[in-house]
Each structure stands twice: as structure tokens, then as C-alpha cells.
Amino acid sequence: MDPVTSALVRLLGRHAADPPQGRVADYIPELAVANAEAFAMSMVSVHGHVYEAGDVEQSFTIQSVSKPFVYALVLADLGLDEVSRHIGFEPSGEPFNAISLEPGTGRPANALINAGAIVATSLIAGTPEESFTRIREGLSAFAGRTLEVDEQVYLSEAETGDRNRALGYLTLSQGVLGRSAQEATDIYFRQCALRVTATDVAIMAATLANMGVNPVTRKPVVDEAAVRTTLSVMATCGMYDNSGEWMVRVGLPAKSGVGGGIAAVLPGELGLGVFSPPLDARGNSVRGMAALQETSERLGLHMFTPPGVHRSPVSASSVEEDRLILALRGELDFVAAEGIGRHLQEMAATFPLTAVDLDVTDVTVVRPIAAELLQATGRDLLARGIRLIPSDREKVPEAEGSRDGDSSKD
Amino acid sequence: MDPVTSALVRLLGRHAADPPQGRVADYIPELAVANAEAFAMSMVSVHGHVYEAGDVEQSFTIQSVSKPFVYALVLADLGLDEVSRHIGFEPSGEPFNAISLEPGTGRPANALINAGAIVATSLIAGTPEESFTRIREGLSAFAGRTLEVDEQVYLSEAETGDRNRALGYLTLSQGVLGRSAQEATDIYFRQCALRVTATDVAIMAATLANMGVNPVTRKPVVDEAAVRTTLSVMATCGMYDNSGEWMVRVGLPAKSGVGGGIAAVLPGELGLGVFSPPLDARGNSVRGMAALQETSERLGLHMFTPPGVHRSPVSASSVEEDRLILALRGELDFVAAEGIGRHLQEMAATFPLTAVDLDVTDVTVVRPIAAELLQATGRDLLARGIRLIPSDREKVPEAEGSRDGDSSKD
Amino acid sequence: MDPVTSALVRLLGRHAADPPQGRVADYIPELAVANAEAFAMSMVSVHGHVYEAGDVEQSFTIQSVSKPFVYALVLADLGLDEVSRHIGFEPSGEPFNAISLEPGTGRPANALINAGAIVATSLIAGTPEESFTRIREGLSAFAGRTLEVDEQVYLSEAETGDRNRALGYLTLSQGVLGRSAQEATDIYFRQCALRVTATDVAIMAATLANMGVNPVTRKPVVDEAAVRTTLSVMATCGMYDNSGEWMVRVGLPAKSGVGGGIAAVLPGELGLGVFSPPLDARGNSVRGMAALQETSERLGLHMFTPPGVHRSPVSASSVEEDRLILALRGELDFVAAEGIGRHLQEMAATFPLTAVDLDVTDVTVVRPIAAELLQATGRDLLARGIRLIPSDREKVPEAEGSRDGDSSKD
Amino acid sequence: MDPVTSALVRLLGRHAADPPQGRVADYIPELAVANAEAFAMSMVSVHGHVYEAGDVEQSFTIQSVSKPFVYALVLADLGLDEVSRHIGFEPSGEPFNAISLEPGTGRPANALINAGAIVATSLIAGTPEESFTRIREGLSAFAGRTLEVDEQVYLSEAETGDRNRALGYLTLSQGVLGRSAQEATDIYFRQCALRVTATDVAIMAATLANMGVNPVTRKPVVDEAAVRTTLSVMATCGMYDNSGEWMVRVGLPAKSGVGGGIAAVLPGELGLGVFSPPLDARGNSVRGMAALQETSERLGLHMFTPPGVHRSPVSASSVEEDRLILALRGELDFVAAEGIGRHLQEMAATFPLTAVDLDVTDVTVVRPIAAELLQATGRDLLARGIRLIPSDREKVPEAEGSRDGDSSKD
């Protein structure tokens, strides 16, 4: 098991051991039957690497996690100017189903409260069927596979969704809804009933992290401008009336859904998807939030922990006979370590190496995840007869198999 | 004049030509006399380079621009846990002088509204004199020079500051103020009356961009955790009830003051300071905001335009006889171009070069500011007899003097 | 012309002369065609006397003036306990179409904002047709004649009433609506499209003033408890976010509608109906409000100007030969003067009188309307050969015809 | 014991037996020591009759009960126009210490929230000492005796009153406070610390009921216009965010204080004062509110239960030899029955009567309190040898002592 996966597995284990908190959504019977013990987390880098832990095969309905992605589709289709005539950008400071229409414009406060999400959905052009097809295909492109509607959930939501219908009529009366209230909410109910896994969500998030290009399929989904606006709104409004504290504590633009999923994005680096059905009073997955916060802390993912200006961790790289001399610098985070690992694999495949001298004198910080990744790379190299020798074993531990000595290698 | 400075000068010229809008603050006579035409912008990279344009010698009172920096000082002194018992993190969705105390905790909503700023000030320990000395020295460390109080402004603010005194008593009654209301507001009035220039503000912002180390003086001011929290709160609450749209349109954590100054931060890259006294109805510098928005758009500074994963723009660099072969990749933004320029200067000083072959095949995006910087570097090299030859002149234009021909050189 | 009618005619004249202000409602074309010059006022006492001035023959749609009366019907049908589970009693401090649902209960704040009115309408039992029939018959009983629906207005409202439909779905989702949102709003649109005249509105108001018994038809419409609750809610919530000032300045529980009508009630005394289509920004008839305020001031109708404790103005009444000696006391207001007039008519019909000595020594206040009524009574008596002689002509002027002389009497 | 007193005593007994609820105010130690069992109620008619029950000798600090009375003093001194430039009239829909300043004007929402009350206090002219003397003398005139300040409570309030000081500075900064914030709040703290009894409060309330004339001392305190405005504001804002429901359920303009007192007014009829220290979460006396509600229901005191139009209950009164024939009509409420009793006493003192024939054919409603009063009068008359004989004993029971002698009747 690779070290990232190991880290995720251990992290899930710790949180799964915590006494259960929160309550599975039960406003429709289809949600109430969710397995409260289910727990999964996936992480997908902008290189397209997928790391998974827990019940990643279990699917759940996407619900509000769909909101930023549909918003991105609308932005890509219509542009910011047109969309901003219909939906605002300000945090509402209120719960998810708040009725926050701006005085004057009548716009919903932002695209991540229900009112704004229904307006976003209504702006996707075409007949209702065409419109939903565009949404389903768009979200499928974000996820890299074809998503399917849970018809039972859709029907139940449609049956009980009077508050959302109210928001539809309200925004219609303000002149900001793009189609009839009944159509808009019906499409919205179907959109919310799409089934996803934690990995789907992580890939969707990674597509935003990768500026709109799905890092797994390599296919562009939305343009960079749409991503920028979407991430901006996720950063300030993504966690409802807790958005400010989430930014301070976790530092990842994110969006949760009552199905138990959460998507989180580290722009330029990675996407995360978690799944655990029990929700807190605000409707956020309790374990999901805790797992994301710990992941952010342990892996140094806070958006405002920039890696410093020397963005390449490799300050020098030269081959002398059968030794590679590699000098690193600055902060070693997840992406840095991943890049170093890749470089080492390539060099090992190209040159007949027996050792790598890793000069870490100029390394300032080593994130735990980077240390683990480097050790894993060390073990891989060792298996190929190449020893990875850090200049400072306090900073970067040597791969465990390497203690045996130079001579004993196979 | 270097290209960054040129860009700033041109930008100021464009905005200065716009018909004047907004109104100089006049709630105290000392502010009303400000020169409405004064206009300055400074940009400071995390390498410590200072670029200035306009009336950068003119000083003004720092006012609310002091808020995030004092908050950072308090966070550095007391830690997030203690500070979070006194001040919240959520946008208030209200004007600057709003009375947004959280039900239950009685905390001001965040540290960037007046109530929260007064509480932050009150938490700096010591006698009132010691406390103010800590604040003045702290802000001076952020600015890299000793800041002085404008006694006239201080006395006038103290005379008319009943609303702030109200906020002092209010937070005192909630048990979140750190000292008596009269002391806290008096220190706060002095803090707001510190005089700064646009360049001071830019260096202060760059210190946040550089994770708490003043990039000019190289002295640490606050720790990284304090910076992370401060930037998070600036991102969600910095522009009051316009914070969400500011994030979408400009994408730089920022803070304005009624003296006409605005600080903006691109984490990991640079700080910006602007100064223009006429304010809009919200109390933000009209020209200052417009100039920052254009700067962000033209220079590609939006926080959610990450430079992509290949963070070093140099994919290969080798010297063959008198030619340097340099391969670039990915997005070329301000910081990338600056780094490339520096590398070229070093190589030119070390090796007897006559030409640099710049392979830009793998370059995906070239920001305008990067193109300008590379051309400027080309001209510098040319003056030293070295021609800089891009592989694709559409992507990266060659320095203008270089067209004369290969033969004419040294 | 009787003195009350004269007073109303003069009052309308004064207000009609004012430069026109406000704007006729135009959200549907049927309202926009209203005659902006139309102006009418009617006053109906709890004795059933009807006084009219201006365009009382012109009808208009009742709109929100229907709200308190339908609320009274629901209270009469279901009782306060049941109704209070669906609709609250607090002023919302917000405009008429505010979405003021109480946290916790989900009840609309009160029955006079649209959300609460739609819920009230929804609680009238039966099929939609039966329910509307009950409403139409109930409001007709309040008015004392059969009211008819303006089908054009109804259809237009139904077509454009998305905000009201939103309120329907919203209250449905909170579990406080009594039937489907589409049915409830459809009945509500029909209710609002009932046509009334100023006199209809005045009789409806007088029915509330008379504790639920129509003072013209003498038929009971709703019980006293329903009236008490309805008047209480009109007093605190009747004029939306202006209810407090209205109580101070006018002191009459009231309700306006966008058709240009206003109903006002002086409990125990009289009902008022005014009609003038141009509305202010809040949706209240501009001239209607001004006319009501002046009426209240001139006639001493403020609810908190109680007539004092000696509620009968007659402290002594005795017949000595052909003279009636009548001693009055306390404040003489409209109702007092009306009662005195009635008493004098009865005495004149019973005894062979030639004079009435009116001892006003103990009278403390004489409202203008009371002075006019007494003069009118004096003229009536004079025509029958009976002179009415006030003890103090400064307090109560003698009827004008009476100056002709003592000698002319029989 | 007269029947009103008996009724009050029984009512207190019932409520005192209820399990204790609420909590004595303890924000200052002086209030926390209040006797939680103390319970008193007084009722004072506009005739000046005082009825008392319970611990009426126990005094307590007036606290917020002072607000409407000081507001009335300011209105009397300065007039509505001037006062309305400083304080609004709208319910704030918020708790007592809310910071409800109107956008635009900066006025506190109304005079019964703390902010408005402090402004009202600040508008009483003179030096601080003169101003407080005017307030103390004014409230003493309302109460009919000289009120004294509880110095301990005053000092404690002054020490801990930072929130009120905040409101002082806030209103000062808005330009609506009449003097310095420190002076205004100091006078306010003294005003709140005046000691009163339940009877004092009832007489104060009765002075409002009697249009500004103290019904016990017969001295005018404030003019009628001041009373009208004060009662209007009490009606819409007196019970904070519960004002609307209070109007529906109790129907008496009222004001409570954290000392445990409540004043309630039935305009034109009577004033009520209750005292019981344990408070609910809103700061209202729990038993006080329950006792007032029951009193209103049992005695028919709801403001919108007007006594009907025939305001004198006596339709005919004649003496035939030794019999008085008295015909009554309409609703017999407290005031009516009191007036009838008085009339009977006068007649009994003037004529040599042996019986009173009470014709109640035209009586529509008999409030319980009226029945009790009439029975009491019957017993009094019986003691003087005069039998009171109702025409309908179902409607009005005969005095109990009268059963002794069927035979003695004519």
C-alpha cells in the first residue's frame, strides 16, 4: 500500500473509532436507510493519481455537493457577466435553505445556498430533458464516469420538496430564474439524486484543482475562469454560516451534501472526497468534516500555507558515474515529494545507478506526508538495488530496508 | 525604468485620468484636508523587490489597514485558541462599523470590523503605554521602518470616536474585551493614526505574503500560523459586505482604510499597497480598488489562478560552450519570470556567454507581466553582449534591441 | 347634508387639492387603469349610521384589506388555539411581502403579511370551491351586501403571483398551510379580487368596531373573541413596518390594500373606509392615509383618547313643564354627541317641549365633530319649534337658525 | 374585604401555589437577594380606588418599568415632534437590550428598549442633578408619593452597566443622545434604582389610564398627548418580541422590569401593578405575567373588549316612594358596576329606601367582577335595611344575606 493510501486508511481508522455523532438525514425515507457506519475518503492529485481508503465502492446521492459543479457549468456556458445578473457572490451568514435574496437585485446571495443553486440549474439551456442531460453529462465529465440518477431518491425529493419549490417561485417572481419554477426544481431534484462515490467526488474536486481539466481523463470540463469563480465562491460561502471558521481551520474550498459527501479542493494540487452519512445540525457530515480537518493539518494542505517561492524542490541534479546527486530545497509538501519520487523513478530507469545522495541542507520544512512518500520511494529504489541516502536523517528518514547495509542488497 | 514599475506607472495614469469619484473622509477635519488627487501604488515581491509608482512619498494614516496586522500580532502573541475565545471568524455581511456580536459567545463576528479590531487591540498585553508600544513596534516591523503617530489625527479621532467607544463598552459587557473600554479605544485610536506610505503598506502586505518574514528586512515578524489565520479572515471578511464579490473579481485577500490606503496580498508571491483618498459609500478607496482589480486581471494575480503543478518554470538548463540552453515549462507568471531573470543574470556573471537559447515549447501560458520582464532581461543581457533567443517569438517576444543582428554583437 | 358628511366632504376636498403623490399599482394591467383621481371616504357608526363622501359609488378590488376579515372568519371557525398553531402574532418589522416565518414553529409572523394571509385562507375548510364560497359569503356578511369577484383581476393575479405561490410552498413545507399551495394561492387570488366600495370597507370595519355584529344589517358575522384577536393584530401589525408610528399618529387599527382601499376601526365606535389608488413605496394609499390621520386628529378618534370614565355624557335629565333641563359632563366626542342627539329627538317626540336648557358646566372637552352634531340637532329641534340653549356658547355654539329670536317660537 | 380585593387575593393564591418557575435576576448581587416568594398585585381605578393583595408593602427597584413614565415626562416637556427626532416608534422584534437603531435616522427603534430609554432620560433638561431631580419628582408624581433611590443597586448597576454605557456612546455617536454618554447612563442607573411597591406601580399605571391625572392625588402629571403616545408605544412595543401575542392574549399596554414589577394599563379604566421577582428568559416576571393574563380574562379587561356603545349602564332611574327603580343595559364591566354601586350608595343616603328593583332585562353581558361588585353592594345595602332585587337572578345573583327573608318583601 502506498504511503498516501496508508495515511488515509489510518486516518479513517482513528475517526471511525470515535463515538458516533450526528444523525443520518431522514427527511425522505430513502436517505434514512443509509449505512451510518459507511466511511470513505479519496484523494486525487492534479497528476491524476487516485488514493482511496474505506468504503469507496459505496455510492450515495450527491445532493448539495452538485452545486459548485453545476455553477461551474453555467459559468462556462454563459460567462460571469450573465450569471452574475442572476446569482450573487456574498456569504449569506445563514443556513443552507435560507431565503437570502439581495434587496434591489432579487438575486440569491450565492450559488451554494439552495435558492442560488436552483437558479444556477435553471440557467442551463434547452428543454428540461436537454438541460438535465447537459447537467448529468457535465457532472459525469467532472467525475470521469457516467453518473446515474437514483430514481427513488429523485421521486421522494420531488414529492417533499415544497421548500425548494418555494425558492423556485420566489426567484421566478424576482425575475432571476431561467425557466418555470416547476421545471427548474424538477431538474434540480434529479441533479441532487445523482449517485456518486467518494472517489467520484474527489475526482470532481481535483478537476477544479486542476483548473477545469479532469486530471484522470485529461479532458477539459470547464474553462479556467469558471473554475476561478467557483473556487472563490466555495472559499467564502461553501460551508454556509461556518465558512469563515472553515477557512481558518481547514483552509480548503469545500462543499458538503446531506447524502454525507463532502468535496474539498486544494487549488493547483488536489481534490478530496469524503463520505460518512451522519450529519451535524447544519447538515454537514460530522466524520467527513473531522477527517478533512485532520487531513489538512497533517498534510499541510491549508490554502494559505503556500510552499514558498522556490517552487521546484530540486535545486540541483547531476549524475556522477553510478550515483545521482540530488539537492532539494524549501518546503517538501505532498506535491513536491510526489515530483521528486517521479524524477527518481525516471533517473533510475535511465541511468545505471547504485545510490542517490539526497542533499536536504536547504530543505526548510518536511510535511509528514512528504517524509512518508520519500521513504516509500526509497524502498522502491532499494528493491531495484539503489540506495537513497539523505544527508540528514533527522529531516528525511532513510527507507527502512536500507539499514541492512550496502553489501546485503540483493 | 523596470517593466513592473512601468506597468504600475501606466496603470496609475489610466486611473488618474478617470473622472474623479468618491469622497475624501471628512468625519474629522484632519482627514478632510487630504489631497484628493494623490495616487500611489507599490508592489513588493516575497524576494523583497520594491516597485513603486505615483505619490509614494506621501504618507497617510493607516486607519483600518492596521486591523489585520494587529490581529496577526495578537495571534502570534496568544495563539489561535485564546484569540478565538474573543473574536470570531465569520463575515458579518454588514458595514465596517456594524455591531455584529455572535449570539451566545458575544464575540465580534471577525477581527476586521471595528468591534473585532478593538478587541484585538485590547488583547495586546501590558500597560496602555506598553501595549501601544508593542503595536507600534509590531506594525513598524511589518513595514520595515519606524512608524509615527499623527498626533492631530489621534486627538481628533479620540474626540469624536463615540461609536468606537460604544463598541468598546459593548464588548466589555460581553466579557470579550481585554482591558477597560476607555484604554482599549484610546490605544486603538493611536494605532489608527500611525502614518504610512503606499510602500509601507505594500511591504506589510508582502510580509504576510512571505509567511510572516519581512521580505525587505528579512526579519521574522509573526509566525506562519498567525499569517494563515490572518489571510483566511482577510479572504472571507476583508472587504466587509463586498468580500465575496472581491474574491471573485480580484482574488486577493485585502483590507482598506478610510485614510485611502488598501493592502492586498497574493500569498507566496507579493504584497500590494495603494493610496488614493476619495472613498466610496462603503469607505473604500475608489481608485485604489479599481487599480487593484486591474492589476489582478492584467498580471494574473487572482489567488485561484494557481500556476499549475510544475512549479519551477525551468525544466532544463545547460551550458554548451558560449551558449546557455534553457528550457522553460508551464505557466510563466510574475514570480516565475522574476526567477528566470535572476537565474540568467547569475549565469551571465559566471559563464562567458554570447547567447541564451530559450526553449518555450512546454510553456502553456505567458502572463503579460512575465513577457515584459523577460524582454527587460533580454535588453539587459544584450547590453552585456548576450542575445536572448526565444524558440517561439509569438509566445515570448525577443528584446527589441536584439533584432539588429547576430553579427553586430560584442 | 348632515354635519358628519359635511366634514368628510370638506376633508376630501382639502386632500384632493394637494399635489398628487404616489403611484397607482401597476404590477398587473388591470390595476394600472385605476382612476388616480378617484377619492372616497365613508364612516359607519356602531349604530349603523352611514356617512359618505366622494366617489363612493366607485368599486375597486379589496386586495389586502381582505386579510383581517378572513383572519376573523378563520378565528371564528377554528378558535384561537388552532389558528395560533399556524399563524403568529408578532409584527415582522418588514414589508408586506416579507418572508417572516418564525424560527422553530415555521409560522408566518402574523396574519396581515402575505404569508400569514395565505395560511389563513388555506385554513377555511372544504373543497376549494366551498372554501372560496365561505370566504366570499363571510366578507359579504361583513359588508352587508353580496360581493363579486373581478375575474380579470383574478386571472391576472393568478398569472403573475409567483411570489405568493412561493409563500404557499414555503408555508406548506413548514407544515402550517392548510391545503395544497396551488389551491391556497388560487383561493387567495380570488379573495383579493373581490370588488368593494369605500362604504363596503367602512361597514366591514364597523362590524369589527361593533364586536362582530354588522351594525347595518344587525346580523352577527363573527364572535367577539375573533374580533378581539383580529383588532389586536391590526393594532400591532396592520401597517407593516410603520405600525408603531401609525398607532402613535392615528391610533386606529387599520389595514390597507394595493387597490387603494384602507379600513380603519375605532373599537366600540365606528369603522372607516377610504379609497384613493395612488400608493406610497410601502403600498399604502397616500391620500387615504393622510385623510385618515386628519380624520383621527379632528374627530378625536385616537384609540388612546378614551372618553374618560364618566361614560354617559348625561349627568341629569328632567322635564319641567315645556322645558327639558339636560346636564352634560366630561368629554363630548362623536358617540357622545350622537347619543345626546338621539336622546333629544326622543324627548322631543314624547314631551311638548319649547326649549332645552343644555348645562355644559361639567363638560371638559368638546370635539369639533361633537360641536357640529349638536348644532345640527339644534337646527332640527328649531324646525320643530324647540330651541336648544347651551349654558356656554363658547363651548357649544347654538344652532344658527336659533338667533332669529325668542318671539318666533310657538 | 371588598370583592375586588377578594378576587385579587384568590388569584394570587392560585398562582402562588403553582410550582415556582423563572429565575431572580442576578447580574448584580443586590437583585439576587430578592425574595423569590414575594408576590403582590394592586389595582387602581381611574376613580382613585386602590385594591391590594399580597406583599404590597415590599418594595423593589423599578428598573425598566420606569421607561414609559420617563418617556411620558419627556413627551410632556418637549412635545412629540422634538422627541420623535431622537426616538422612533416601531417594535424592534428583539430583546430588551437590543441595539436597534434605525438605518438613516440613527434613532433607537422605540423608547422601551434600553437604547431608547437612555435617550429619553438624556433629553430631560438641566444639569445631571437637576435632570435626575425632575425624573424622581416626575415618577413620584405618577406614584403619588416620594420615591427614593436604592443606593446599593444604583452603585452596582453603575459598576456593571457597560452594555448600557455602550448604548449611550452609540446613540451619542448617532447624534440622538441629549447629553454625554456617562451622564446619561448615570442618571438612567439612578432612575432604574428607584424603589417602588406594587401599589406605586398600579397608581402610576392608573395615572396613564386616567389621561395623565393621578387618580389618587388628583394632580395632573403629564398632558393627554403625552399619555396617548406613551400608551401607543406600550401597546406595540411594551413586551419586546412578545408584544403582539401579549396584545392578543392580555390586551393591556404594559411594561415589565427585571426587579420583578410589571405595570399594565386599561386606558380610561384602571392601572395594575404586579410584583414577583422570578423572571423568564426574556426578563419578565413569570408569575406577574400569568397573574395579569388571568386578571384580564376573568375581569374582561382586554382593551379590545369595548363595553359597547351604551356607555352608561343606567338606562332609567326613578324613585317611587321607598323603592328605587333602576334599569340597566348593555355590558356590565368593572367600571360600570363600580359606577352603579356608587349611584346606589348616593341614592340610599338621600332617599328613605327599603328596596331597589334592578331591571337587568337589557343587560347583555355581566363580567364576573361586576357580578361580585353588585353582590357586595347588595350586602352593604342589606346592612342598611335595603334589599337589592335583580329582575333576573341568573344574570345578576342577589346578595347572599338577602335570602333570609322572602317574607319581608312587599
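Read from first to last, the chains carry the letters A, B, C and D; within each, the first residue is number 1.
Note that a residue touches a chain if its C-beta (ideal position, glycine included) is under 8 Å from a C-beta of that chain, and two chains touch if they have at least 3 such contacts.
Note that the structure is a prediction, hence the values are computed from the model and not measured.
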**Q.** Chains touching both subunit C and subunit D
**A.** none
Q. Going only through chains that touch each other, what is the minimum step count from subunit B to subunit C?
A. 2
Q. Roughly how far is subunit B from subunit D, going centre to centre by Cα mean, in whole Å?
A. 63
Q. In whole angstrom, how far does the Cα centroid of subunit A sit from the Cα centroid of subunit B?
A. 29
Q: Report the complete set of touching chain pairs.
A: A-B, A-C, B-D, C-D
Q | Residues on subunit D engaged by subunit B in the complex (per definition of touch) | A | 99, 161-163, 165-170, 172-174, 181
Q: Could you pull out which subunit A residues touch subunit B in their complex?
A: 45-47, 80, 88-93, 110, 211, 224, 227-229, 231-233, 235-237, 241-245, 247-248, 251, 267-269, 302-312, 314, 335, 339
